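First chain written, first letter: the chains are A, B, C, D and E, and each begins at residue 1.
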Amino acid sequence: MSGVQLSRVTKDFGPVRVIHGVDLQVDQGEFCVFVGPSGCGKSTLLRMIAGLEETSAGEIRIEAQDVTHADPADRGVAMVFQTYALYPHMTVAQNMGFGLKMNGHPKAQIAAKVAEAARILKLDPLLDRKPANLSGGQRQRVAIGRAIVRGPKVFLFDEPLSNLDAELRVEMRAEIARLHRELGATMIYVTHDQVEAMTMADKIVVLRAGRIEQVGSPMRLYDDPDNRFVAGFIGSPAMNFVAGRVQGGQVVTGAFDATLPATSPALTEGRAVEIGLRPDALTLTADGPFRVELAENLGGTTFAHLRAPSGEKLIVQTGQRLDPAGGGSVGLTFDPAHAFYFDAQTGQRLR
Amino acid sequence: QSRVLVFNSNASDPAPKAAFEQLVADFEAENPEIDVQVNTFDHEGYKTAIRNFLTADAPDVVFWFAGNRMRPFVDAGQFMDVSDVWAEHGLTDSLSSTLSAMTIDDKQWGVPFTYYQWGVYMNRDVYAQVGVEPADTWEGFLANCEAFKAAGIDCLTTGSKALWPVAGLFDYLSLRTNGYDWHMQLTNGEIPWTDDSVRAVFAEFEKVLPYVSANHAAIDWQDAVSNLVQGKAANYVMGNFAVASFKDGGMTDDSLGFMSFPTINPDIPRAEEAPTDTLHIPAGAKNPDDAKLFLAFAARPDVQTTLNAALGQLPVNAEATVGDDPFLQAGFEMLSTAEGGIAQFFDRDAPPEMAKAGMEGFQEFMVRPERLDAILDRLERQRQRVYAQ
Amino acid sequence: MFPRPIQTMSPAAQRTYKIVLPIMLILWLLPLLGVAMTSVRPSGDLAAGNYFGIPSRLAFENYADVFRNSPLAQYLWNSFRITIPVMFGAVALSCLTGFALAVYKFRLSLLVFFMFVAGNFVPFQILMVPVRDLTVDLGLYNTITGLALFHIAFQTGFCTLFMRNFIKALPRELIEAARVEGVTEWQIFWHIVLPLVRPAIAALSVLVFTFIWNDYFWAMVLTTGASTQPVTAGLNSLNGQWIAAWHLVSAGSILAALPPVLMFFMMQRHFIAGLTLGAVK
Amino acid sequence: MTALPHPAPPPATVPRARRSRRQLTPWLFLAPGLLMFSVYVIIPIFQSIWVSFHDWDGLGAMRWIGLANYSELWWDEAFYTSLKNNIIWLALYLLAVPAGLMIALFLNQTVRGIRIYKSLFFFPFVISQVVVGLIFSWFYAPGFGLFYALIEWVTGTGVALLADERYVTYGIIAAGLWPQIAYCMILYLTGLNAVAPDQIEAARLDGAKGWRMLWHVVLPQLRPATFIAVVVTVIGALRSFDLVSIMTSGGPFGSSRVLSYYMYEQALSEYGYRMGYGAAIAVVLFGIMMIFISGFIWKMWRDEKGA
Amino acid sequence: MSGVQLSRVTKDFGPVRVIHGVDLQVDQGEFCVFVGPSGCGKSTLLRMIAGLEETSAGEIRIEAQDVTHADPADRGVAMVFQTYALYPHMTVAQNMGFGLKMNGHPKAQIAAKVAEAARILKLDPLLDRKPANLSGGQRQRVAIGRAIVRGPKVFLFDEPLSNLDAELRVEMRAEIARLHRELGATMIYVTHDQVEAMTMADKIVVLRAGRIEQVGSPMRLYDDPDNRFVAGFIGSPAMNFVAGRVQGGQVVTGAFDATLPATSPALTEGRAVEIGLRPDALTLTADGPFRVELAENLGGTTFAHLRAPSGEKLIVQTGQRLDPAGGGSVGLTFDPAHAFYFDAQTGQRLR
């Protein structure tokens, strides 16, 4: 089996376990993104794959080979750091060729490989510059170039774009996506940017507290989250949740006066549930019991912050303009098919 | 194949250095098969360096001092017994004046080659200016001091920053008050410092204090030389080596005067102070036979005559000739008529630790005479500790 | 007063400041200026009691006299022979130790590090007896090598503290990036860390130069005599010979102070960086 | 293009030797420095403690005497004089810290040539203590020293500072303060550079001015500089040897001795080769210093943990 | 006249003029936001109002009083810094009370005011902590508390939220808005965050290179920008611009095959114009000449990056999901009424 394969991988920092037995298969050529709240172990997991952190237990295989305890250099991986980690005293060309040079590759071969990588990344005019004389985006490109040169089986990225400003981020995002298409290499990418995860990934891995919550394609996670955590984490603004209960084959909630059909067999009588509704699945109507607390008019879109009679908060995305200071009451309608149900205790999705 | 003799010397100043070079050259001329290698050390640094080279890398001949100053090395077995040299060349006779200073446990541990007298050096012009004559009694001396004081001149100058100059002063007060034998007992730790006889010495000491240059603790002996030279002071208790400095400062045989330290107790035979410099063979010497040759050579009257003429000091060998410098002559005369005995110097007669404590006490006394009791108590405690070992 | 730039104060205050500044400086350096002046005073002036007035002429021959009449040149030369190898030795050793302590996580790392730090602070008197003995036993007593070896060892404490903190401040990712690329540890040290700590090496070298040049205690303990002693100890023995010859003492002092002062002026930036970064002597 | 070919395929598992080699690496880097430092610094500390239980003149054999050296110290007036002087040194030397701060504040302006002024003010620090000692000896010299002349001019009689047991220690400390103030000044000058301008601005909006600004806002930010200045000053005060040796050799009659000098005098000077006794003095000094060293290490350890 | 009033205010740093005679009236109780590209002088202008920078020329009045050369402490302003600028050695309570203490207020009064501010900001449990032990959001709240305590006439904020992460930023935004309502104080707020500006401001001031480009309410600037700069600056994703020309009473452009009616008299024959179209004003149709280069599916919304036959790039916001890798061609329609026209040379809006 090729690609990267983690089996019951665990990491302890002293007495603290930060990765709790993760199983994951990243296929050959796939673009896999790790997301999750800060401190959930994304970087740690990535660094374990790179070999920069010892693996406490479990097994890591890269292209079917067991590399659990291999030296980073022997794993056939390349890593791009958030801080670029370019050697400041070397030119761009030297930065890219350094690893090859240290491993005793002949000069001509190094030059050829560097030239090839520079061509791919359009770095040719910069080859003689020092990193200090490059812009943030250029530096990031060099860091990627350095990874490409060694022809690794797996590319690892740890929040590579988070130090760039918004505009450059968009540009580099496209660059990396293009690279992935061109090289066809396996890539594992850590980010906490919604947009990056949604737009770049073939497969998103949602982590929480050292455990995998769900793995799947971006739209799969958006449309069909396994649990309340994933549902709330993916999508911006976040999904609204209101408390409900299954009564007489219907889901009843204090937030709306409407009842919803219990579409799933898991919605057993009397069960306490949370109903999830995405802000864009809700539509404002003229009159109703929802107080408008605040409206954020962004021009084309407005986010209305509503307070339900039950006291729960809801955010609605609408094209209408509202008074920013809020005030007034509105009604809400939505297609019951767009409602998600979660167990109130476990947060598991009730399908 | 020539034999090598290593000689460590402290003669770093130009005149003594030349004198020793001559000595060595003469020795080599007589013993062409021996090659003498001289290592010259800084005068002060030598005193610490000798500790190291004796144990680490012993030469064949070393320079050192007589009396108790050589005792630590003898006790530690670092010096070689050279009694045979003394016996073979009849040195017990020719060097008899220093026999006791060179003897420990009935053996001789080195050969003396030079000594020099201490005494009172004076500025005759100042005496003339004030209109008094040098006095050879203590009362007379103190009376003169009163006259000098009235004229705004320091009767007695010294520079005690380095401590040892005041030891000369104390030694003379002690020798004149209680005599040579008593002084030797004191330095040998046989008399408690709290004894009344010791207080008697300090009582005489105290009399002269009002006439001693102020700030003596801040200056070196050479600064005090300037005081005498410039006529700011009348008398200076010093060793003969200072004559060169007096003359450098512009004094002549006429303006510079010398006398023995005044009499305090006329019943006591006159004793003098004359430190002796010596040569020794380290226990670890590689070439002790030639070293003994060298020592015997350095003990010879003719050699000592030449050497001391160059050094400007007195030969120890009784058969040697003293140079014709008036101060040397005067000193030789003074020493050879000293029936009381000849002391080495406080720091050679007393063990080093006692010497250090004593000299500090003398200096403190000169600045703060009212603390005499505390000082003597301290010295007594030190005595009990040092001699107990 | 601090937060207030003088530029925002009244013109009178600004003028006062500009006048007070040089006066303060002169007062501050008065002893030094006095000595500098004495060093070019002819000995005749001193004899004539002209201690403070304008020198009757500038007697630069005092400096020539110092060289002619004393082994000062030898002392200065000794100082260089001691200081420069120590500078290289201590910096080289501490680059290695600093690298080890900054980059690797191993159990004793902090302990070893604190040992260096504590050793750097001990009153060196406590080392005196054993070190002197050791040097004598090695046959290095009164040799430049003996003194330099000790200095290298002792300075390694301070230099390790300095280099370790400096290397620690380098981004860890640089080293990790190299490891992922298969660069060996020695290559990382040589090709990545060393070039990046060049400013620290410069700062440290200047500092060590000054410390060693100005050392007096160990020179007194481990050397004797003009053939080995550095200028500080030499100056002390010359001071014994030059009693009352203040013009020579002054000239000698100025000469002994010159190399570190020049070093400071040339390398000012590094020097200050070193002091505040290492922050300890 | 496709992935570039990778060099030789890696082994399936890592040999044990490689892992243990990785653990060995730091020790290889440490070895030379650690060896030198141990031989010359760490081991001698323990040797010194060992020697302090002996009577030894450096020539013969060592004789075990237990605590006798320490009990002798207990009765030794000279030791107490040295200790007292060390405490005076410590107390007065610390004046270098506020004095350095004052000068730093005074110089912390941007006018033309200020850089030159700063470096000239820093001068005394780079000069050897031997030279400083000689300079101040000249300064104090009775008869013609600048200071002596000044006192004479003011009070009518000059004071030979270095010959007067009442003043001598203060005279030497004054000489020591000169470079030390310069050192503290440079620490504070760089500290002032790092003062956060936004906090100053916030304080200006809060209405803090002058001394109150200094006390409430600036000084707290200079705490690291102050800490370092205090540490180096304390250590400098306890190590003081050069100046005493050069200016007075401990005199007059031992009244300006400090522990470090007394130790040297006992162990190596012309009149005493009491290695054991000297070692005992050094051990006491070491004990005193350990209080401060422990404090420093403790703070460093805390910082390391926090980092 | 109350509020803050700037008249022909100028600032020179040495020879460089960074503020070129700004006139501005901020009314009593108004929430005014300064936006503009980096380096345009937002912070400088704010600091001049605070008194932290000398004013080179012109006049600044606060509540009708001329404070142009007054001490910062005497202006009745409080400032919240981007870096918080809390005193690290003081507790939260001390930080907040420091200004009052410096002005000699009695202890009891200080304690009362601090308690009141802490209550408003829900800081009570933190009063004895040092700033180092606070999270970013808490620190920011303390910084605001410090400002409140002094009861200033005007609050000044310099990018107060830019050091916070996205989630906290949303929360603190609401907090500041609530505070503004509660205190009713005049607030001037610098930001470069679109959303903050749009949602918080009563009045937005758009600065460019030390000059005011336009002043107005957020929706005014969105709907009716005075020039191409403001139009491009306000709104996200930014407005699309395509080149056009007035020909025969119609606006002709190479990007579309359609022609647009020349609705304004300023659209004189032959004039070169730029046509501005917001991404949400465009609608995708099935077939057409626009190549889809990339599609970013964010779940509810998709941004399609299109290339017009003329080579110009356009971004369209749509609810449809598209293939992320792009490919295929689409058409575009839009309501001509939503098109903006700008002079191609001056960038002035042609109304």
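Following the convention adopted for this analysis, contacts are C-beta pairs under 8 Å (C-beta built on N, C-alpha and C of every residue); 3 or more make two chains touch, one makes a residue touch a chain.
Values in this document were obtained by computation on a predicted structure and should not be read as measured data.
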item	value
Labels of chains that are neighbours to chain C and to chain E	A, D
Relative to chain A, chain with the most remote C-alpha centre	B
Distance between chain centroids, defined by C-alpha means - chain A, chain B (Å)	94
Mean-CA-position distance for chain E and chain D (Å)	55
Interchain centroid distance [CA atoms averaged], chain C/chain D, Å	14
Between chain D and chain B, distance of the C-alpha-averaged centres to the nearest whole Å	41
Sequence positions of chain D contacting 2 or more other chains	58, 141, 203-204, 217, 268
Chain B: positions in contact with at least two other chains	44, 48, 55
Interface hub residues of chain C, defined as touching at least two other chains	none
Chain C-touching residues of chain D, taken from the complex the two chains share	23, 25-30, 32-34, 36-37, 39-45, 47-48, 51, 58, 105-106, 108-111, 117, 119-124, 126-131, 134-136, 138-139, 141, 144, 146, 149, 178, 183, 186-187, 190-192, 200, 203-204, 210-211, 213-214, 217-218, 225, 228, 231-232, 235-236, 238-239, 241-242, 245-246, 259-260, 263-264, 267-268, 275, 278-279, 281-283, 285-286, 289, 292-293, 296-297, 300-301, 304
Touching residues on chain A, where the partner in the complex is chain C	50-52, 71-74, 77-79, 81-85, 87-89, 98-99, 102-103, 146, 150
Chain E residues touching chain A - in the complex, by the definition given at the top	165, 174, 177, 181, 194-195, 198-199, 218-219, 222-223, 234-236, 278-281, 294, 296-301, 317, 319, 321, 324-325
Contacting residues of chain C [partner chain A, same complex]	171, 173-174, 176-184, 187, 191-192, 195-196
List of chain D residues in touch with chain B within their complex	55, 57-60, 72, 75, 77, 141-142, 160-165, 248-249, 251-254, 268-274
